[in-house]
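Have a look at the structure below, then the notes.
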Amino acid sequence: MTPREIEALLKERFGDRIPESRLDGLCSWSLVDPAAILEVARFVHDDEKLKMDHLELLGGVDYKDRIEVVYVVNSLTYHHRYTLKCRLPRDNPRIRTVESVWKVANWHEREAYDMFGIIFEGHSDLRRILCPDDWEGYPLRKDYTFPGKYHDMPV
Amino acid sequence: MNLDYSGDIMTLNMGPQHPSMHGVLRLELKTDGEVVVEAIPHIGYLHRCFEKHAENIEYPGVVPFTDRMDYVAAMNMELGYVLAVEKLMGIQVNDRVRYIRIIMAELNRIASHLVAAGTYGLDLGSWTPFLHCFRDREKILDFFEETCGARLLYNYNWIGGLMFDLPEGLERRIIEFLDYFEPLVEDLNRLLSYNYIFIKRTASVGIIPPEVAVSYGITGPNLRGSGIKFDVRRNEPYLGYEEFDFEVPVGKGEFGPVGSCYDRYMVRIWEVLQSCRIIRQAIAKLPPGDVHATIPKRVKPPVGEVYMRTECPRGELGYYIVSDGTSKPYRVKVKSPCFTVMSGFREYSRGAMIADIVAIVGSVDIVLVELDR
Amino acid sequence: MESIRDLLELIPYTTALPVWVQAILPPAVSAVILFLFVAVLAMFAIWLERKVAAHMQDRLGPMYVGGWHGWAQSIADTIKLLLKEDIVPAAADKALFKAAPAIVFIPSFAAFVVLPFGISSIVADLNIGVLYLFAVASLTVVGILMAGWASNNKYSLFGGMRSAAQIVSYEIPAALSVMPVIIIVGSLSMQQIVRAQTGGIQNWFVFRNPFTFLAFFLYFICSLAEVNRTPFDIPEAESELVAGYHTEYSGMRFAFFFLAEYSNMFLVAGIATTLFLGGWSQVLPAQWVPKQLIPGPILFFLKALSLVFVQIWLRWTLPRLRVDQLMYLCWKVMLPLALVLVLGAGLLAVW
Amino acid sequence: MGVLEGKFEDNVLVTSLDWVFNWARSSSPWPLSFGLACCAIEMMATGASRFDLDRFGAGAYRATPRQADIMIVAGTVTLKMGIRIRRLYEQMADPKYVISMGSCSNNGGPYWKYGYHVLKGVDEVIPVDVYVPGCPPRPESLLEGLIQLKDKIRRQTIARKSEA
Amino acid sequence: MTRYLKDLWYGWTTTWHSMWITIRHLFRPNKGYTIQYPTVKAPLPERARMRLFNRIEDCIGCGQCARACPTDCIDIQTEKRGKDEPPVFASDGTPIKLRTFVFDIDMTLCCYCALCTFPCPTHCLVMTKEYEYAVYDKRDHIYHFAVDKPRYASPAEKEQPAAKA
């Protein structure tokens, strides 16, 4: 399926919970209402015409006024790819986990939590993954300041 | 295997410094005697903040950092990034650049698979294949060194072109090397792959069923080892891979269920031979041209975002780049194949023995820096 | 020992020494000679292993230490290990930890006592030589288990347990595979066994009958397992258990383990030589060459070293087995085969 | 370094003992098989056929720190790993030496500026004897570093340092 | 039972196959696989990228290398040459208008990517083939290429003549 058809299918199914879409050759994406992400994820995973069983990438982007969570999904059956995005407030980013849809989301969400502080509600094991457990701050946020010392090792 | 244990569970920490953890992976093993009830991977011991660096460095300067992510297959790593930025900027490179990139990427794939096969032998206690693999890998590294001057981290693929053209007569020597190398794969097979102890150690161990592989987003040789025929080079061709005649090997399950360590290992060995085929075709078709023709003076992509995926030796490598119109990327997010593979480790290692854990970690062929970035 | 006693008598004034000194001197001297011999042999085996391994891997191996092809490499290694700090972990069981290397090394050293190097070069020709060998050699496992337990390290513990299981299991087929030879000779004395094989290659037990022929291979494989060599080196499997039972050992104590491993290698090769390859007896058939041209001890070393070489060759070729496969091999392949061999050899002897 | 250092007057015996000790130590530096990042591949290549670390007697990679003499810190040291490296170093038996291989472990390398999680030089946590340059160093560079380390070992003495 | 015997047979034969390969390697001469490094040195290819070197007499102090460097390992400080000073030219004729009094390269930070050598207008910054420079002190890896002294030792001194004038 082309991105246009996927977008049409999503629009038809979820209506105004897909507020914005951009279709170009580089990376076609649709904005998804954060509250509906689990539903949309399940839909794109299960739908016979989409069958996007492969979560390629899940990551955050800090846009200074908001944080976006990006889901790149891919179908191993039909070889099409699409991007879903959710916009979250910067001060308390919370979103439902999609761990139950794609198991790989477990670690991806932990990484997003580690780097951006996005809280994935319902996640089974939301801990830091790359940084040590006692690390402070969320390193990939744009306003992150480097800590001076960690366990008496200078940074 | 029966997983109802009544005995005491012992926690065994494997790593970060452990000879078979391919760097600094740490596995927390809950063992009942020799049987591992649960293996929990802990990562982050090599988190080098690639994504933070990429946000602070100009586009061409990111290339050396992408090299350092998967140092065994640096050509492939930088290729993905460079293609992503080119896609964002709308640069069309000429045919010579494309073909040289393919030659280099496939040579690097051979080198990387040789390291994978060699270290896998090492994990299973067989030293000699490792050194034989490294012996032939050196010859490939010689080609890289002649071409771009570095042995391991090349910075050869530039945005819009290449650092240098191929040196005089390298094509001929690559063909000579392939003539020498292809029979040696059979030697390696007889030394390691067809050895009965090796088969016993790997077949029917660490089975990743296809549905688990898909659910955990496993890609590359590990996915193909589970019997799913998916290769980005074939299914979403970039760089004109559709012009080449090659096969996508999948695990056949010769000595046990499909998706075992043996299948994953053998997929790599077969891929080496397919890479040889691609290189031969690319060298036969190599057109003349200027490799610097399309290098932009200033790399300043328009506002936008791009997702580009390529087939790296370890699996599918994706770059998600957000540009805000300045000369530095706003955000670079890497889809790392090793990360997804390890995320499912807990599932497919359950019930294995300690020796099998080593075999499984070796068979998924992870590179820790790419895992942690 | 007799020859040593004779030698000592050549030295003047030994008769003037007190009687108890006279009594203790020959065994002490032979012990010292044997110790030096074992140490030098082990060092040579280490050097040989490194060189052979290197050449199999298209490398060169030690090249510089001592000049010619790094012949002094093992000496340097040993001196360095002796000079290194000796760490006893705080959480270790100190007494056991310190005793373990000695308990590993002493049996392998003591077993050399009954190895017949030549017609008269044997320290003690016991009439139960083979039994003594198996009894003493199996003591090693106690030391390894002690080392594994006392280190208070999980890897060491795993190594010790694996080693215990492995050695105890492989003792049985190893001992059984010796039986065909003993049935034929009718004696447990090592010298008797060698004498039964004199007169050239056709008299060696390997080529005597099909049962002993197979028994040789069986014994060789089992002996590999007993000395923890690849493909049976799971107790110290480097890629799994870091260094197995000697993970926590450093310096001199580690050197003892190291020496014990290599002297054990030579020991089992020596046993196989004695039992199956005719010990010090000549290679060429007696009808052609009636007199033994090469001295017995040299022949013995050549034969034993060629078996050591095969051990090294195997080590640098094969991957390692898993624990359950190891046990499978022992109980389901080796043991039935050994029983069949004993039965066959017995029937053949009766018939 | 060892327990014997600084306990003896300088005389002929000590000098010849020095020679033996230093010869033994410099002739068999067993490295700890401890790879971190990119440089570990070059370290493996150094041990492989083309360059063959074993020629210097340094080919016996020991997996356990207790038996190793030199630690080749090959790759980027992160903060999470720095603590472990310090512990590994403490577990090694004296005399022990450290070769810092490559830019990353020398000084943080390319990751020194924005690497919030990278230790800027392994000498922050353990003492380093030789710094091998390169990113990653060629195997020859590592061999040259090893030769430099051997020179350093040969200059050691067990004699008491003169008071002046 | 047949499977058991087949397994045994397969295990036995493949072991011999593997052993045949290793023994062949043992008795094959080491034909050029190993380069005995300190006595024999393999020639480096023309494009080898090792230690950086700057011919300071050709350097015009433009700072393009420092801008291109992804790791900021090049530290350049320059000042305008005085009007009264005699003009200096690089070997390719480019006038040197700036006096470079600090040109430090910290090789412990360098990532050997060679991105700095391409923009250099006078091609004075090159990557040499020198790779043997292991040191005992890492400060020895900082290379100071500048030979000129700044006109004024300190900023305060620089202020002074301006105030006088």
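Per-chain residue numbering starts at 1, and chain names A, B, C, D and E are given in the order in which the chains are listed.
What we mean here is this: a contact is a pair of C-beta atoms (placed from the backbone, for glycine too) under 8 Å apart; a residue touches a chain by one contact, two chains touch by 3 or more.
The model shown is predicted, which means the values in this text are computed figures rather than measured ones.
For the pair subunit B and subunit E, chains touching both partners: C, D. Simply put, of A-D and B-C, more C-beta pairs touch at B-C.
Centroid analysis (C-alpha atoms only) places A farthest from subunit C.
Here the spacing of subunit A and subunit C, counted between their Cα centres, is 62 Å. If each chain is reduced to the centroid of its CA atoms, subunit D and subunit E end up 23 Å from each other. One inter-chain figure worth recording: subunit C and subunit E are separated by 53 Å, centre to centre, where each centre is the mean of the chain's CA atoms. Multi-chain contact residues, meaning those touching two or more other chains, occur in subunit B at positions 18-19, 44, 47, 49, 52, 57, 64-65, 68, 128, 131-132, 135, 153, 191-192, 195, 197.
Subunit A has residues 130-132, 139 in contact with two or more other chains. With touch defined as above, residues shared between interfaces to two or more other chains in subunit C number as follows: 56-60, 63, 238-239, 242, 316-318. Interfaces, counted as pairs of touching chains, are A-B, A-D, B-C, B-D, B-E, C-D, C-E, D-E.
On the subunit B side of its complex with subunit C, the touching residues are 10, 12, 18-20, 34, 121-128, 131-132, 135, 191-192, 195, 197-198, 200-201, 353-356, 358.
Residue ranges of subunit D in contact with subunit E, taken from their complex: 49-52, 55, 100, 103, 106-110, 112-113, 121, 123, 128-135, 137-141, 143-145, 147-148, 152. The touching residues of subunit D, when paired with subunit B in their complex, are 32-38, 40-42, 44-45, 48-50, 61, 63, 65, 75-76, 78, 80-81, 84, 88, 110-111, 113-118, 135-136, 138. By the touch criterion stated above, subunit C contacts subunit B in their complex at residues 53, 56-59, 154-155, 158, 162, 230-231, 233-234, 237-242, 316-325. Across the interface of their complex, subunit C is touched by residues 4, 8, 15, 18-19, 21-23, 25-26, 28, 30, 33-34, 36 of subunit E.
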